[in-house]
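In the two complexes below, chain A is the common chain; its partner is chain B in one and chain C in the other.
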Partner chain A sequence: MINAATRAGIGLRILVALYLLLATPAARTWLEATMSGHMLVQIPLLAALGFIACRLLPEAWQETLLAAAGGPVPHVVVALFASTWWMLPRALDEALTHLPAEAAKFVSLPLLVGLPLALAWRRLGSIGRGFLWTNFISMLAVLGWLYIAAPVRVCNSYLVDQQESAGWLMVKLAVLLFAGWLASLFVGGHAECGASDITGAKAAGTLGRASPQNST
Partner chain B sequence: MKAVARSVTVTALVTVLGTGAFWCGTDGFKAFTAETARRADILRTPRPLPAAILEDQDGRVFRLDDYRGRLLAVEFIYTRCTTICNSLGAAFKQIRDRVPADALGRDVALLSISFDPGHDDPANLKAYGTRHGADGEHWRIVRVRDADQLQALLGAFGIVVIADRFGGFEHNAAIHLVGRDGRLAEIADLDAPLRFADRLREAL
Partner chain C sequence: MATYAYEHRPDHGAKAGVLAYLATSAAVLLLMMVFGLLMRLEQAQWISIGADRFYQLMTLHGAGMVGIAAIAGASVMWHFLRQYVDLSSRIFIANLVLFLAGVVMILASVLLGRFHGAWTFLFPLPGKSMGMWSADAAALFMGGLLVIGVGFLLLHLDVARAIVARYGNFARALGWPQLFGHDDGKAPPPTVVASAMVTIVNVIGLVVGASILTMMLVNLYVPGFDIDPLLAKGMIYFFGHVFINATIYMAVIAVYEILPRYTQRPWKSNKVFLASWTASTLMVLFIFPHHLLMDFAFPKWMLIMGHIIGYLNTVPILVVTGYGALMIVYRSGIRWDMASKLLFLSLFGWAAGAMPAFIDGTITVNYVMHNTLWVPGHFHTYLLLGMVTMVFGFMYYLGKPDHETDDRPIDRIAFWLFTSSVLGFTLSFLYSGKESVARRYAAHLPEWVPYDRIASVFAVLVIASALLFVGRFFARIGLARHDYQRAPLARAATA
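Take a look at the complex of A and B:
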């Protein structure tokens, strides 16, 4: 138990270090220099940090937090709102030009996207997870397509060709994620079948072994 | 049952708060980009402009404030620009031609401001003006020599200039209307110059 706790402590420290690293002016300038770096690397990383950090919290805390805020559904809704916000071109521009908006981005992505998703994820059934995956993938694809097809520059801080390359990346990522998700459904289904076969066989084996023992 | 009620209540609360945040953050689901936000904001509250010393295509030095009391149409350009600035120049010409001749100069003036003072000396400004049919009096092409003044001016107008890979710039292009009180009053799309000119005439 102590071992697990110290491991979590070390993990959290690494996450905090990564977070601070992302917040350094050098890393920010580097990642925010391109639209793709900003939207597809920095923002997802910040959310992922929140997600992993939540997983490192003691399980009891996670349960308490989840119950206190009314279960998985409100958590998912909060994450949807917060993540959608940071898909607005306006929010990206503002984060680049106003320091408070940038700070809000660094706080809200781990706390309002990563954390609630991590809390809610375990409690979601396959329908809930499927909804989130399809919602996220379609949003990514539509937004990517908008960026490619938009006749105007949506972000004042980024060049048009950056907007287009970010758009293409989003579409490609959406296709990849969709393929991966679909594959995981099939593979996951097989694995479950396999697992039940194995347990079935095991059960049969123990039964088989049990009966001769009984007979002796 | 209590847990379900709690879940429903919190979900409703969060949805209302989230929708409210989006409503405020997008000016009522209208402004999703910084550019539309800039335009909506200026329509609501005309913005005072910082003082700036300008130099025109003939090397004459004057102040932006000298235009107080007249309606001023402003565009931001750089003379090497081969794309959007040409549309801006064409739009400005259309506006100029729509304004009644007797009002031009007396009550209305046009100003093309270069944000590339290092390259755009008076000779280059003059060439740009000639190319687009500016007369150099009622429609002047100017640069802001002082870097801090230029930055302050671009900031007040909400113009973001970024260098592209070909030694040029990309910038948000629009037609700006500065009112008689010297405040930035309206920003119009450059593909609707006639509408802008009509509103200018109405304001005369």
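Take a look at the complex of A and C:
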């Protein structure tokens, strides 16, 4: 039986290893060779590493960090801007040609996207999370369309057909995510005692806060 | 077989938010009716405001009516759903505030910016005005719709949150354990089932709608980002159709909740009821291509799907609800008052309005009837005599001074005036459609004008009776907040 602290320690070590793996020239060359690999694999993975790492930090640290920047909303805003930046074709080009930009990408995605999102997530409540999900899904689809419909080649480093296939992947991903999110509303959770019983009306009370939707 | 017994629950007054929703809807409804009358008068050649004004009015009328139908429907849903789950008042109010902000944007776009590309903002019209309006005006209109959409998204997310908190998940809220397994009689009440269905379909519709609106906003300023017009049409109709359909699925909750109080018979969420709502949850999502039957470039399977689902979806909820209402009322000795009469009438209106759609949903008929006034004939019947009538019934119910109060003679007259004039008004649309009068024409041929004149007279009578209903609601708005028994007990129930 290992305790939570050591388990978190092991988890963090695995994450660091994965991070270093992503940073190796071989992995970078491979993932950055295509626009889809760059935008839809490498970048989300970097952000995800930050997200999971944050979850492994001691609860108290997370609270301190969250409070330090003024609650969940500023965190979401930071994550939004940082992630939007790395969706710009220019930013991708920079990362490919300038090492400092590449380094900035490797630092900012975990620290300015994954971490703040993870800090804010728990506090958002299911409405906030649902709002972020639905907006993210619709923006992903629109972004996909932008890449498909772009009248010009947007990146110096990638050809037009790369652009199009990345766009279609985004659209498909958006559809899949949406279907998955909707499906998650249909499974799991448990009814409150007597919930199916009409006479128990209004017993719901304030339990609404702690919705069993954590998976979303 | 499960047994169902009527369980009496206290009759709750409306929260201030619900009344704010209803007051907004009622005021905008009357104004938009007047705009509708002006359009009819223009077609009847009794006034002459010009084509530009006509299309501005048509844009406002379409957007305004759809908007307040949703607001009024949401108020019915929220009022009753609150009795089962814990809803957030703040989100409810936030939706109204966002709605009003969107309305201001839309009004500015149409009245100041002279946008008149219809509420359906069909691509590429908003961006190709031939100088009639600016890109900014079109953007303001679509931005207004986006803001309204954001409000409704929040409202539905709150409903989803509350339903999940109480029932665990949507499968249970739709009664699937009882539908697909043993019916233990403990399926969620009709209100919860209906709210769950509306929430699912509207969240999907709103996400699709927001996507196409954003795409069109980009295209407006950077036309190089081209949109496939067929894709745009599909997405717009998907969103618009789901959204307007959902209004009646919200408003019908008033029927489920109020009619049983009169006769003390339960509205059962039995297998048939649950099956109809689950079936419609799916079908509402796939029915929209029946508006695209003329678009030969659409994939054939989509059109056939629209045809078949259009047929099928006419049946479940409508028939089950109509039958349910008859079971509640049949030999119950129900004592009719304005609220119960209007609610009962609304089911007739819904059914009557669905029939023309059923006919027009047939591909061969559609080649002839599409884009004629037959279509406004169909949706004015189910919206005016169905959806809006449900809301009037709800308003009368909330404002009823006490359960023994008799209706005033003038209200009774207004009821019959409303019923007959709406029928006259919508039948004029339908008859014109049968005579191949095109819809959305500001100027009509001389041989069409007589129908327009008849319709105009009926429209005046519709407005007069609606004015009385709304006036009565405002006069009694103070009562609406209190908790007391409103429904007179049926003779069979008291005996």
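As a working rule, the second predicted complex is superposed on the first by the 185 of 216 C-alpha atoms of A that agree within 3 Å, B and C clash if a C-alpha of one lies under 4 Å from a C-alpha of the other, contacts with A are read in each partner's own complex, and residues count from 1 in each chain.
What we mean here is this: a residue touches a chain if its C-beta (ideal position, glycine included) is under 8 Å from a C-beta of that chain, and two chains touch if they have at least 3 such contacts.
Because the structure is a prediction, the values reported are computed rather than measured.
Engineer: Could you look at A:Thr34 and tell me whether it touches chain B, chain C, both or neither (first, second, both, neither)?
Structural biologist: It touches nothing on chain B or chain C.
Engineer: Given the superposition on chain A, which partner contacts more residues in chain A: chain B or chain C?
Structural biologist: With both complexes superposed on chain A, more residues of chain A are touched by C.
Engineer: Go through the superposed model and pick first if A:Val154 touches only chain B, second if only chain C, both, or neither.
Structural biologist: first
Engineer: After lining up the shared chain so the two structures overlap, which partner does A:Val73 touch, if you call chain B first and chain C second: first, second, both or neither?
Structural biologist: Touch partner of A:Val73: chain B, not chain C.
Engineer: Taking the two structures together, which residues of chain A meet both chain B and chain C?
Structural biologist: 152
Engineer: Under the definition above, what is the set of chain C residues touching chain A in their complex?
Structural biologist: 7, 9, 83-86, 88, 91, 153-154, 157-158, 160-162, 164-172, 186-189, 200, 203-204, 206-208, 210-211, 214-215, 218, 224-227
Engineer: Residues of chain B touching chain A in their complex?
Structural biologist: Residue positions touching the partner: 3, 6-11, 13-15, 18, 21-22, 25-26, 31-37, 160, 162, 164, 170, 172.
Engineer: Looking at the complex, which residues from chain A come into contact with chain B?
Structural biologist: It comes out as residues 67, 69-71, 73-74, 77-78, 80-81, 84-85, 88-91, 93-94, 97, 152-160.
Engineer: Spell out the residues on chain A that touch chain C in their complex, using ranges where they run on.
Structural biologist: Residues in contact with chain C: 125-127, 130-131, 134-135, 137-139, 141-142, 145-146, 149-152, 178, 182, 185-192, 195-199, 201-202, 204-213.
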